[in-house]
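What follows is a group of structures, each given as structure tokens.
Across the two complexes that follow, chain A remains constant while its partner is chain B and subsequently chain C.
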Partner chain A sequence: MVARSDTVVPMPPNGFPWPIETARLDNGLRVVVSEDRTAPVVAVNLWYDVGSRHEPDGQTGFAHLFEHLMFEGSVHVPKTEHMRLIQGSGGSLNATTNPDRTNYFETVPAEHLELALWLEADRMGGLVPALTQETLDNQREVVKNERRQRYENVPYGDAWLRLLPLLYPPGHPYHHATIGSMADLNAAALETFQAFHSTYYAPNNAVLSVVGDATAADVFALADKYFGGLAPRADIPPAPDGTRPAPVTAAVRETVTADVPAPRIYLAHRTYPFGSREYDAVTVLATALGNGRGSRLYQRLADGARLAQPDYVSAYGVDLAHAPAPLIVSATARDGIDAAALEAGLVEVVDELAAGITADELDRAKALLATAWWRQVSTVAGRADSLSRYATQFGDPARAGERLPAWQAVTLDEVTAVATEALRPETRVTLTYLPEDSRLPEESA
Partner chain B sequence: MTAQTVKKLPDLGPTKKLKLPKETERKLPNGLTVLAIRRPAVPLVEVRLRVPFGRANLARAALLSQTLFSGTAEKSTVEIAAELQSVGGGLSAGVDPDRLMISGNGLVSGLDRLLEVLAEVLTGAAFPADEVSTERSRLIDRIQVAQSQPSHLARVALLKRMYGKHPYAVQTPEADQVRAVRPAQIRALHGERLHPAGATLVLVGDINPERAIDAAEKALGTWNGGGKQADLPPVPELVPGPLTLVDRPSAVQSSLRMALPAVRRTHEDHAVLQLANLLFGGYFSSRWVENIREDKGYTYGPSSGIEHSEAGSALIVAAEVATEVTGPALLETFYELGRLASLPPKDEELEQARQYALGTLQLGMSTQSGLASLASTYAGSGLRLDYLAEHAARLAKATRDDVAAAAARYLAPSQAVTVLLGDASKVEQPLRALTAVERA
Partner chain C sequence: MTLISERPGPGAARPYRFPEVIRRDGIVAAHLPGQALAVAVLLLDAGAGREPDGREGVGAVVAKALEEGTAARDSAAYALALEGLGAELFTTVDWDSFRIGVQAPAERLPDAVALLAEAVRTPRLDPADVARVRDDEVTALRMDWAEPGPRADAALRADLFGADQRHGRPLHGDPESVAAVSVDDVVDFHRGWLGQPGTLLVAGDLDRVDIDALGAAVFAGTGAPVADAGGPLPVKTRSGRQIILVDRPGSVQSTLRLGHVAPHRSHPDYVPMALAATVLGGAFTSRLNHLIREVRGYTYGIRSEFGQSRRFGRFVVSSAVQTAVTAPALVDTVGEIARTQADGVTEEELAVARSWRAGQLSVELQTSGAIAGALATLVVHGLPDDYHATLRAALLAADVDTVSQAAADHLHAGALTLVVEGDAEKIHAELAAADLGPVLTTTFPPTS
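Coming up: the complex of A and B.
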């Protein structure tokens, strides 16, 4: 076997090896700055504390559709101009929505920092006057095509959409997927979106992080210049509380027969919220189980028993912070292997985790997580997103420095404990995909 | 009510000077060149090993790259992966008509281990029969999928027109050729071509460059310097002629591809040609993209860029356009190329393209991995990163006249090699209204 690792995992002396300075504007906007003069580049990142968990019944998909509308022009920025100005400066930009939050970000040469702040402030404070029925109709079609392209028209593409309602009960903020339903998107009215912006896109519901070749004093002054005039909102409605969902009392199964090339099994469990000690142990466990060719799933199912296709074994936690986050384990059958054999193999590997993992596996998982953490913060954009996340979800950007030491401190016993507690077969969600032709013998029988 | 936003677009701050990192270099006795750059942002290291691989058998080379880490006499594929994981790292290999590239990264404290594993597979990869068989079926699957994709088919047709009998004319193997590859042939190719002569190893990260090069010398100094080199002949000049029409019955989109002459990175026209290409179609805010996407909606993502290969460079124009507007899209493409080749650009659009070119240069070097890839690519052209200072200076001082002269020389549509893949029954007549057409 492979010798035990003697590699020292490098740890930042104070958790986060760059300066972090924070300020709060009078209107409540929190501003985080981390100066780094290595390259003449600056990342601008905004987290709005609104995601699909805020959507009531009948309005699923609205947070994400809204993210699209934010690129379609604001009071002083004509349609398509946002994109043109950032890309014309040599910069890159994007935005994402998930159940917890919506983020907007761009990386630009340092001399374009002011441009990026101006653009972000204009759409934070001046989107509603520019929002038209035409834009809404246009972006609704774009999002419906996105839904088709990413979820409906792709083999296994709707797994996440199916797993969420099986994992979380109706009414829970994570019960529905961020992309939403076609019916809700079709029913979306312009007034609803205008109200959505007025409610959630307020300076006191956002964190602005700027990382790179800029001083904190300059950024605070520019933030005040461009965001300082925007009005706060007094009573931003919170999302429904999902921190204590009703306990799972029985295993759940769903089988889908679809146009897929081979049987695939998903095993999913609710675990602990992102940010908790237990979830750190789940993260280490998932890495040992499913990361790369050294992982337990690869060794046992792809290399050993040859039940699973080597490219498609995986295990990962979905880092959600406002309720117990899911752990998802998946494998796809090789030619000639049926779903039952694959499931039996997968279940055996997962059930054995209650007996713990080896010290070698623990060390490798920690080394991989260290690389992953350092890669995330190796770019100014990644660092800015981390700072925004910890400021939004944990109230302090400096807590971004806690994660790597927390992962490195996870013990074998803690991994065993979360595997025993969170992966119990009686709380398991099993989602099985079967290729359409596998149904034929039954139909002809 | 409407909040107080600031109306005026801010002025641009002063352009920051390009910061070039220092490259430390040593050529080992076995012929391997090692380049090391200290970029201490995070305690990681990026590794790029570029080995010349021109004229290698395509099917064998592709399988070699996919099975290089699949076992040695002492270790299985899982053991190799686990060893790399123990230093938080990973390595993988890929191949193109010029070179085999091994790239990866890990914790900088594990650099020695990464280099040892690299040396083990370079000298002792065993290509076990069962692993080769698994990778062979995966590669065949991928080739079969590609053969149903219009972008792949259009590329194949374009390369054939551009390169004739040159080795670049065919860049992907056939499924049958892959099926016929035996492990012994991969081992033979390994013995013949995977050697340090002409190869470059790039290390970028939180390293002491001299010590990192020492570590590379310790691990790779005994890598056998034998084997043979294969020289690629220079690419032939483009031969403009009738548009080549490849029929794809009932296609809903047509794939338009054009090749135009271009110069190597070392040529004095390289910077101005880059600017001319940006003005034409090289980024979102260019004339061609604004015309056929933003104004007319003929296409979603047109692109135009200069492709540099060891044996020559070319400017490649590509767009997927709706079948019913195939003729008009070609017309607008000819028009925008011709307009730039005939009339000088405006100051404002040249400035914007210049900002974009300088900005992407900065962004591209701002991470360890971007820097490592750039250093490795430049080394492949016989250049070092200090050449970027010269390139940036040329970008900064190029005038409208310079760009107009380059556009006239390189972007004239009369010099284009044009290929179109689409439903011939619907597009042939509209295309014939604009240019001579021959069926593939």
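Coming up: the complex of A and C.
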């Protein structure tokens, strides 16, 4: 027999029980080191405080396209050498762009730490001279194929592209999606990208985190050696302020008829910025609502009323820090269920959240979040990305340790409060997908 | 701007050590001091290869049905009990095995494993629930098959191995084969295959986990081990190339799956084959990605690999390219495969491939989940405890001649099946004119 509640494990007060040491170079580059000798590998992670929220009209997708260009060579690194050198060292590498920021990261066997730092410094300080029209043209095609593969050629693939402009007004930094528009990508000029690098890829606009088999003293010395000669930039222009978007005054709906296999509903709300006390409550709420077989959506819509397909119910917050972050709730209709019935069921479950959740639901959500947190920090790469995030967005990498205890401290009242305030029907975005061949169902009038 | 121009060399290499493997009484475990999360996986010889004809996918239905309540509690109570520990069941069915596992904070692992055992050994399997799970699985597969990829892969698999063979049909079945699964099929599969003891894999901080207690929970009341499925199957390549065009009207990309049959996983050429496939298309810097993505800009990515199980294997190249460049992308891809087969690899390329594959062992094997996966490899393929250390040494020792010979022996550019899932109206003529092989147009699988 397994008893559930008599094996309560005391939560550690800190979700980051590893050492953290920080330094700031004279040029403003913040360096964060967390030593861990468990495996002979080291993760190098850089957050640049620039994302698609910085893009003006007509230049959507540029921050992400630029991220691709960072792999195409710099003054001392010939085209294609970056990938070859990291993989040839046994390392893994990648980069991602989102509305808030751009991150670059590699995990390498520890003896190649210096190589990774040299490569990162060369493209931070020496990209522009190596950037050619040919490279831009090639990577523009790659990105357009990425857009086709991930958004256009997949059923429901464009949902995120549609939700953002419905959630955020024109001019808001989150109004457009990071992948950008084909028209803007086609118009991208070389000079724009040269200027983009000069403007944002400065040491004082970045955080370098190194986690794993290396000492802080060694990393600080190497960081100074490779990055120390780079000049800071004094006047980095901020992104438009999106922290207080105009209040939502009416519910918004959009219906898409497309080549999709079943009706699907998305309900979306603006909530609170990632990092706020309220957003922690939203995270717990989303987990109670949509994560796992014990969640409300699963129990009520997939298992109970049998309106939704069990594999396709979800609720999650998108962890954005510079404006009220979205909460996205979604369900896909079971065979024979029409979109109206699915929406009614989904709305009922979401609207009931204002009445609160139970203590058991709260405990379940917290337990799942604890496992998710430890999974995130179980690799040196995951830990390095967390340290970069908290240093960039909250000014102190050690605040990474606060997230898990903050989730564990969320109360039933706080969950009720954010559900009541953030999920009001009059502020809801509803996006509906209908199959192209859908006929009016006979059972509904 | 002051940058250091000289590229630094490596420091002193620090040896990677795979954790000590503990084997006793059906348990294979690894001690990972300090890891917050621990993993337990029950590995059963009940993979897709064990599924009866016409019922492909029954294993996945069984896996889902296990969570629909047990002898002790209903499905909602089961979900709350397990998720209240921060754990969820994860199940995978591959060709050789049926795996069901839990990951949880180490202190909670015993309770999670007790629940795992309860679901595997004493599921309720109420006929109404089983029928509903089956129907949901059919719907989920239809959703999956609406995306590009599954139909192309099914067409490739059928051509390589023959649709009359289990491994010539999709690993998780297709909407039709799962729709044919009856409640009795599910009950029979459970009775026939999930009562065996199996092997319990545990990875985590064993100072906080009593593995013998875990073993007692999962092995209580189990039956006899099952008979071995048999040895490797013969490798028969086709006599010439064949293009199979799977129509996907309106597609803005063509999904490519190119392949041929290959030896099984424990073939003695495993290491040089893996390195040859890495040089050709296994890494970002490999020949295919360099040409098709970085030079041509046809795709977001392309990769090649040998996919191998206990009894069979295949070589496969996967990509998605813009519709308008389908034919030139195929010509370039076949050209690189042929060049690698004929001319082998260079030392410069191989140096990257061998360091990458060897380094990846230490980079990837950090977490309890990854170590549990490595333990499963040892068990499924009957490998010794020092396998990962030996593999690393073998990768680093492979020379150009050995790897080039493996490319010559195990790549067959002239016997490829080239499956293209895309807009047939737009690309058929160009494919027919490309001189790559005859074109067969299909709506595979035949739509009902």
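Details
Heads up, the rule we're going with is that the second predicted complex is superposed on the first by the 423 of 445 C-alpha atoms of A that agree within 3 Å, B and C clash if a C-alpha of one lies under 4 Å from a C-alpha of the other, contacts with A are read in each partner's own complex, and residues count from 1 in each chain.
We take it that a contact is a pair of C-beta atoms (placed from the backbone, for glycine too) under 8 Å apart; a residue touches a chain by one contact, two chains touch by 3 or more.
Small disclaimer: the values here were computed from a predicted structure and weren't measured.
Once the two complexes are overlaid through chain A, chain B and chain C clash, as defined at the top of the document. In the superposition on chain A, A:Leu230 contacts both chain B and chain C. When the two structures are aligned on the shared chain, A:Asp259 is found in touch with chain C, with no touch to chain B. When the two structures are aligned on the shared chain, A:Pro109 is found in touch with chain B and with chain C. By the touch criterion defined above, A:Gln149 reaches chain C but does not reach chain B. When the two structures are aligned on the shared chain, A:Ser89 is found in touch with chain B and with chain C. Ranking chain B and chain C by residues of chain A touched puts C first.
Using the contact criterion defined above for the overlaid structures, shared-chain residue A:Arg364 touches chain B and also reaches chain C. Residues 1-2, 5, 7, 9, 38-41, 75-76, 80, 83-85, 87-92, 107-115, 118, 121-122, 125-126, 213, 225-226, 229-231, 292-294, 298-299, 303, 310-311, 360, 363-364, 367-371, 374-375, 377-380 of chain A lie at the contact with chain B in one complex and at the contact with chain C in the other.
Every residue of chain A that touches chain C in the complex is listed here, in rising order: 1-5, 7, 9, 38-41, 75-76, 80, 83-85, 87-92, 107-115, 118, 121-122, 125-126, 137-142, 144-146, 148-150, 152-155, 213, 225-226, 229-231, 259-262, 292-294, 298-299, 303, 306, 309-312, 332, 334-335, 360, 363-364, 367-371, 374-375, 377-380. On the side of chain C, the complex with chain A involves touching residues 1-5, 7-16, 34-37, 67, 72, 75-76, 79-88, 103-105, 107-108, 111, 114-115, 118, 132, 135-136, 139-140, 142-143, 146-148, 250-253, 283-285, 290, 293-295, 297-300, 320-322, 351-352, 355-360, 362-369. On the side of chain A, the complex with chain B involves touching residues 1-2, 5, 7-10, 36, 38-41, 74-76, 80, 83-85, 87-92, 107-115, 117-118, 121-122, 125-126, 128-129, 213, 225-226, 229-231, 291-294, 298-299, 303, 310-311, 360, 363-364, 367-372, 374-375, 377-380. Contact residues on chain B toward chain A in their complex (touch as defined above): 2-7, 9-19, 39, 41-44, 76-90, 105-110, 113, 134, 138, 283-285, 294, 352, 355-363, 365-369.
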